[in-house]
Amino acid sequence: MNYNKNNAENVKIAYIGGGSRGWAWGLMSDLVSQEDMSGSVYLYDIDCDAAKNNEIIGNKSSLADGAKSRWEYVAAQTVGEALTGADFTVLSILPGTFDEMYSDVHEPEKYGIYQSVGDTAGPGGILRAMRTIPMYVDIAEAIKKYAPDTWVINYTNPMSLCVWTLYRIFPGIKAFGCCHEVFGTQELLADALREMRGTEGVKRSDICINVQGINHFTWINKANYRDIDLFDVYREFVDKFYETGYISDNSDHWINNSFACAHRVKFDLFRRYGNIAAAGDRHLAEFMPGRQYLNSPETVREWKFGLTTVDWRKEDLKKRLDKSAELVSGKQSFEIKNTGEEGVNQMKALLGLSTLVTNVNIPNMGQIPNLPLGAVVETNAVFRHNSLTPVFAGSMDNDIAALTLRHVYNHKTVLDGVLDGDRDKVFTAFLNDPLMTADRDSAKVLFDAMCKNTEKYLKF
Amino acid sequence: MNYNKNNAENVKIAYIGGGSRGWAWGLMSDLVSQEDMSGSVYLYDIDCDAAKNNEIIGNKSSLADGAKSRWEYVAAQTVGEALTGADFTVLSILPGTFDEMYSDVHEPEKYGIYQSVGDTAGPGGILRAMRTIPMYVDIAEAIKKYAPDTWVINYTNPMSLCVWTLYRIFPGIKAFGCCHEVFGTQELLADALREMRGTEGVKRSDICINVQGINHFTWINKANYRDIDLFDVYREFVDKFYETGYISDNSDHWINNSFACAHRVKFDLFRRYGNIAAAGDRHLAEFMPGRQYLNSPETVREWKFGLTTVDWRKEDLKKRLDKSAELVSGKQSFEIKNTGEEGVNQMKALLGLSTLVTNVNIPNMGQIPNLPLGAVVETNAVFRHNSLTPVFAGSMDNDIAALTLRHVYNHKTVLDGVLDGDRDKVFTAFLNDPLMTADRDSAKVLFDAMCKNTEKYLKF
Amino acid sequence: MNYNKNNAENVKIAYIGGGSRGWAWGLMSDLVSQEDMSGSVYLYDIDCDAAKNNEIIGNKSSLADGAKSRWEYVAAQTVGEALTGADFTVLSILPGTFDEMYSDVHEPEKYGIYQSVGDTAGPGGILRAMRTIPMYVDIAEAIKKYAPDTWVINYTNPMSLCVWTLYRIFPGIKAFGCCHEVFGTQELLADALREMRGTEGVKRSDICINVQGINHFTWINKANYRDIDLFDVYREFVDKFYETGYISDNSDHWINNSFACAHRVKFDLFRRYGNIAAAGDRHLAEFMPGRQYLNSPETVREWKFGLTTVDWRKEDLKKRLDKSAELVSGKQSFEIKNTGEEGVNQMKALLGLSTLVTNVNIPNMGQIPNLPLGAVVETNAVFRHNSLTPVFAGSMDNDIAALTLRHVYNHKTVLDGVLDGDRDKVFTAFLNDPLMTADRDSAKVLFDAMCKNTEKYLKF
Amino acid sequence: MNYNKNNAENVKIAYIGGGSRGWAWGLMSDLVSQEDMSGSVYLYDIDCDAAKNNEIIGNKSSLADGAKSRWEYVAAQTVGEALTGADFTVLSILPGTFDEMYSDVHEPEKYGIYQSVGDTAGPGGILRAMRTIPMYVDIAEAIKKYAPDTWVINYTNPMSLCVWTLYRIFPGIKAFGCCHEVFGTQELLADALREMRGTEGVKRSDICINVQGINHFTWINKANYRDIDLFDVYREFVDKFYETGYISDNSDHWINNSFACAHRVKFDLFRRYGNIAAAGDRHLAEFMPGRQYLNSPETVREWKFGLTTVDWRKEDLKKRLDKSAELVSGKQSFEIKNTGEEGVNQMKALLGLSTLVTNVNIPNMGQIPNLPLGAVVETNAVFRHNSLTPVFAGSMDNDIAALTLRHVYNHKTVLDGVLDGDRDKVFTAFLNDPLMTADRDSAKVLFDAMCKNTEKYLKF
């Protein structure tokens, strides 16, 4: 890239998993909305046709109504082609297919273990990690070889283990993980302000928070809007909506959309632990012992969040495939809309065009003193000229640290187990997971079955 | 006290809980076995008659066959009388009665939660802590007032929380907790040496170990006998006896004695985590998630250890009461036998008469870097002239640290909750305990019932 | 204060030392340059007339050409009047008079100890701390009493000890120290960019740096402008100007202005330690052993920086007194000019009107892991809605940490000594200071003489 | 080696520097005084004849009056021969000759820098390290190759850097450094007990101390004899002898023996810092800024300790060479006397024949929390069966930590500089040393001259 006055030109972005029907289009939309950046996006995907389709769609995006900059899209034949010379690299892949994901989510149900997502924690999260880590080993090696200076933005789950793998394989990498779950909680705080104090029009980025934890089990221990302490506001808000839950006007109802929730789990965690859990309830529930929020589908309904079934995902994919075809054929035209994601803002700040303080997932250098060094944690960080520095987030509260640490240590065991090719070690983690309410023998049968279901992606 | 050449004379020992039928007699026996110490023991007990009986028995002990020193016994009327001028203070009390203990152990069984001891971890351990902590607040204040320089040896459970309470209330206290569970594991290692290498006659004190962890969930990460690495020996030993378990000739069979075990849990933990768990299986099992070793009475039988019922304890007490009467009346004469306990050896070392390296429970000053500072941990320590210094035990292994930390953090929550009079906070810990496999609503009903059963000892 | 849309109105600022002829006028100028803030400034000074004069001058500032907001100035009769209700409190006092400062700077010269400033490190800095700490004890207590929630911005030297005293006396205080020395180094880096790469027009705020250290001995271990690593640029710059020194066009020549320098000390420190020292040479030199840059006035001249004599300061004050009179009388009209200071920007960010990342002095919570916790350190921090959070600055390099730690530990000894009223303890620090090249007996004579010279401000 | 009941037989000891006239004879004497150990000692020395002579002398030692065990001595031709199969390895070499030592000690005197020993800190210590580190690199590599499991006892100075080099090159090494300076301080405390309390017959090993620091700058922060706090005793002792100094009956007078001292430096450090410095004054003085105890030969005389001149060392060597000849020829017969050294006791404990708690130099794993991890520090440690574990020594007091840290960091810089072959880096350390009172240009001339004087031993 090069600078032309205050514009960054010829920025090259590599997109691994660039055949995506969803995230990719959002990125296209966010890129053409920028006035001060332009360049090219190289799409790499093991599904070449998908990448090729997105090349076509992407090249239309610069022509869409409201486009402020031009971006060229190229379906790269090889990872090397995509990465070489890339200023930024986006990682957003689906590790395996929905068949493996089906096993991740539903196989444990045979033992009474329900998972609302199954991609981060729980038996499903661990199996998914077993598949994903080897792929990330390859990606890290490719980045080291082709683009050691590129800034890497990861969106793939399990987030912590993807980012940790990158750093383990290539310690010099400049990578961070980016997730919008915390943003949703900022929006909830803005809702609370409106509900309890009548303050209208507060944007989520005006909600100033301190973030601590790990991805999808992130906590807020300080929140302000201007001179208002939002903990006072949230306490009242929780008191009002604890029993009924809260459904925002502009969000879907949890009963219709398995990504939505009524925040009852979040409210309950606030009462139990005094801090604000900052992720969707379906994620939070999976980090807690299994009998609490995920005891049975009835329990889940009482807490008013949804189990994201893989059938739903398959259905949803069909719709997106249709949309892809229509975008390619021109039957549907590319529409620019703000995604609310921060990837492009992060790129701009790293280019030195602005300063951005936001939450990211990177290795702990001490930003959370009571979590182990090296573990991938989520805190605020400052993005500036080619520079990403974590904010000192402080120690987590006693009980929350305890809940978090078991996952952090489990992450390490999974990572070591997969890299060492030691399936028994991974099983140790599998047994340690708080969702694991089956007895040990049953757990072993389950683990073996789940491994078998995803066997072709396991390298050991 | 005073020194007469190399003898310590007029040593004063205060014994809180001095009416004990068991531990007290062991102490008497160990004391009269010493050549270089003499003095007096002040027995204080809320059961005055019990203390009075032990005064009589104790004063007979100096006349027993083989007695090498004279000790005077006094049933103290007040704690102050016992403590004033005491060089050493022994704490060994039963917090509440067997009725409360019955609730601790058996009430959770209604929800399928089985506990093999119920005095340290699990719902029972937490309720017992709720009763015990207020008593220890009183004890700490009395020590601060009457004997701030006394060395305090605690034997009461829950060990970690008793010791932690003492330090929280009187930070200048010179207290440590003493437990024989690790000694049993040293004996098991001596057995392993004999079984696998034919080495006879190794004493437990010749087994050199590094100890890490918390009381009743203590781990050995290094063990030597002379130049032999005992990890190699133990691995072979576990391989041989994993399925059958191991029953030493000189120990009771687990089927007859609920304090005994066949070490199968210990062997299993070694295979899973690579380190040697160093406590009886009935203790270890309670620190692990509930479905693993304590899923049901059948599971427990398969793992070949016993559930220590409170009925058994009541029966056992009767026998000891009879023995007490006979010792008082002279129908039975006092017999000196080595208890294998280390309390008197520790006193001698603190008097400067020897150097002793053994395991104790004291606050973490950094001897285990990856456990929180201030938490009460178990490691080796050096006892010398009026000096107790922990050995640097090192960081615990990843997975074992994870298992341990949840209990350490839970200890802190229980302690804070009781001291703050905040029953909800204690319930948070109750829910966090890995034995808690009931859902949240059931857990709340159980907690309330257990609180009610022990209500008169709760100060909040 | 209150918000009116995006404006902050009725902001109350307390200014302790508000009679200042210099800093106060700068603040007035910066305040009226803001569009989105207005309110009042309460000036408190032990010199009531000076405060009264500044009240008059301040009230004229809102009428000056280019004023964008209205600020009312009030000469407060008492500290309580100034502090009560203050949103912000500025601390900028002269501890003692130029007579004491004369002793601080010049008395040590009798023993061959030259100091270029004498207000932070060295014998002079320590004596000044002995005077200042008791004043800051009073200030901290007043803030605790009258305005516990006010944000406190300290400008007084010795910076680290002033801020440390505030936190020691009132741990809940929201205070930070603000110093422009780092800004000058950012400007130097912009100069280097222009000199070595021809890049014009880069503002100091565009120079992105990571800051580590303590006030006036601050170091940069990472510096970027956009995608340019400024360490490469600075290395070339140092190579070019190492012998001659570098004098910027828009800065005064070091020979005429004792605040200026040719950066030769900074260049030399870069060659020795590999990081960029980020303060004026006259400050940096005082932190290094005495024989190195301050061996004699000749050495100082060779290194091309100046000894700031107190005679010069007296002369300078006269000019400022004249200016004050003219501003009061109206002979001279108040002129708005950008000071380059950041105090007002910090206030705006704390009001939630912007996000600011800049360097401040606050207690170490772990932002520099290899400096002691609690010591006042200088790093970047994020200012947002009622929130100040340090950026994780990382560990300092080995040799630089060693140079820094002796001062940090000395700070603690001085603070403890003054608060304990233990002059011997302070003398321990006096002897430890690296400028102390006199032998111990001479050092004692010097210390006693310097104490005598400032006796009336010492409370012990 | 092998065990025969409670005896260790066929123990093999390698002695690098085995031609020594002094230490070697002491070791011989200590070895034949043991009843429960026997075996062989392989002597390796670059001076083959010296080793050969010691082989002859050593083989006579088993025949001496009072010998309790048999030891065979062999002059090894190669390091490999000495090390292969060695259970223990003793390192005690003279790095270079007295000519280089002459430069180390006396060259800096040209610049007014006096050193009382010149082998640990100061310019001399740094130059000696530059010679020694490359030799220790070779030794570490040989140990790794020939005897990776041997226990290594180092006696060579500079102690910290010798041990640090061993661990840097071969992290798996089982090495520790052993020094008797602390023992002397224990004897001084026994003297204080006798002088102030009339307690006779206390052995140094009965003085129970906590040790913190680095070799030759070691500090005691806790000392007991039985129930007596020796800090009270020492305070009175210092008060009595502060001015005159204290000369024990059984030690040489400082005026006749440059290894002796009147402890005035130690007494002064106690008054300044509150802890007991635990090394000879001539060592302690070298760690303090140069103007304090080593300002001039007169200053040294006032403080009543001696400058150990190299002329004295040369004279002393002559006497020892004569003694060697007489021992070889049989003109003088080998005499067994207790050296007071602990090397053989340490070996016995590592063989599992006893438990020993004593002070050693090993890398900091956290035993002193406020010194950097990895740095070689001196604390107590427990020696048992093939096991050496540091005692948790705690954080050093503020001012003492500051004095110590500058040396610790300097050690690291010297080590890095020598291993990187970067003479400029070593010069950085040379300038940082507190004895360096010359200005920078003079320091450079001195450094270059000293390097030249020892050039043939420098590998860079």
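We call the chains A, B, C and D, going by the order they appear; numbering starts again at 1 in every chain.
Keep in mind that, in the parts below, contacts are C-beta pairs under 8 Å (C-beta built on N, C-alpha and C of every residue); 3 or more make two chains touch, one makes a residue touch a chain.
None of the values given here were measured: they were computed from a predicted structure.
A.B. asks: If you average the Cα atoms per chain, which one ends up farthest from subunit B?
C.D. replies: Farthest from subunit B by mean C-alpha position: C.
A.B. asks: Per the centroid of Cα atoms for each chain, what is the distance between subunit B and subunit C, given in Å?
C.D. replies: Here subunit B and subunit C have centroids separated by 57 Å.
A.B. asks: Based only on mean CA positions, could you tell me how far subunit B sits from subunit D in angstrom?
C.D. replies: One centre to the other, that is 43 Å.
A.B. asks: Using Cα averages as centroids, what's the distance between subunit A and subunit B in whole Å?
C.D. replies: 46
A.B. asks: Provide the list of subunit D residues touching at least two other chains, using ranges where the numbers run on.
C.D. replies: Subunit D, residues with two or more chain partners: not present.
A.B. asks: Which pairs of chains touch each other?
C.D. replies: The list of touching pairs comes to A-B, A-C, B-D, C-D.
A.B. asks: Across the complex, what residues on subunit C touch subunit D?
C.D. replies: Residues in contact with subunit D: 272-273, 289, 291-292, 295, 299, 370, 372, 398-399, 401-403, 405-406, 408-410, 412-413, 416, 428-429, 431-432, 436-440.
A.B. asks: Give the list of subunit A residues in touch with subunit C in this complex.
C.D. replies: 1, 3, 206, 208, 210, 222, 224-227, 229, 351-352, 355, 357, 365-367, 369, 380, 382, 384-387, 389-394
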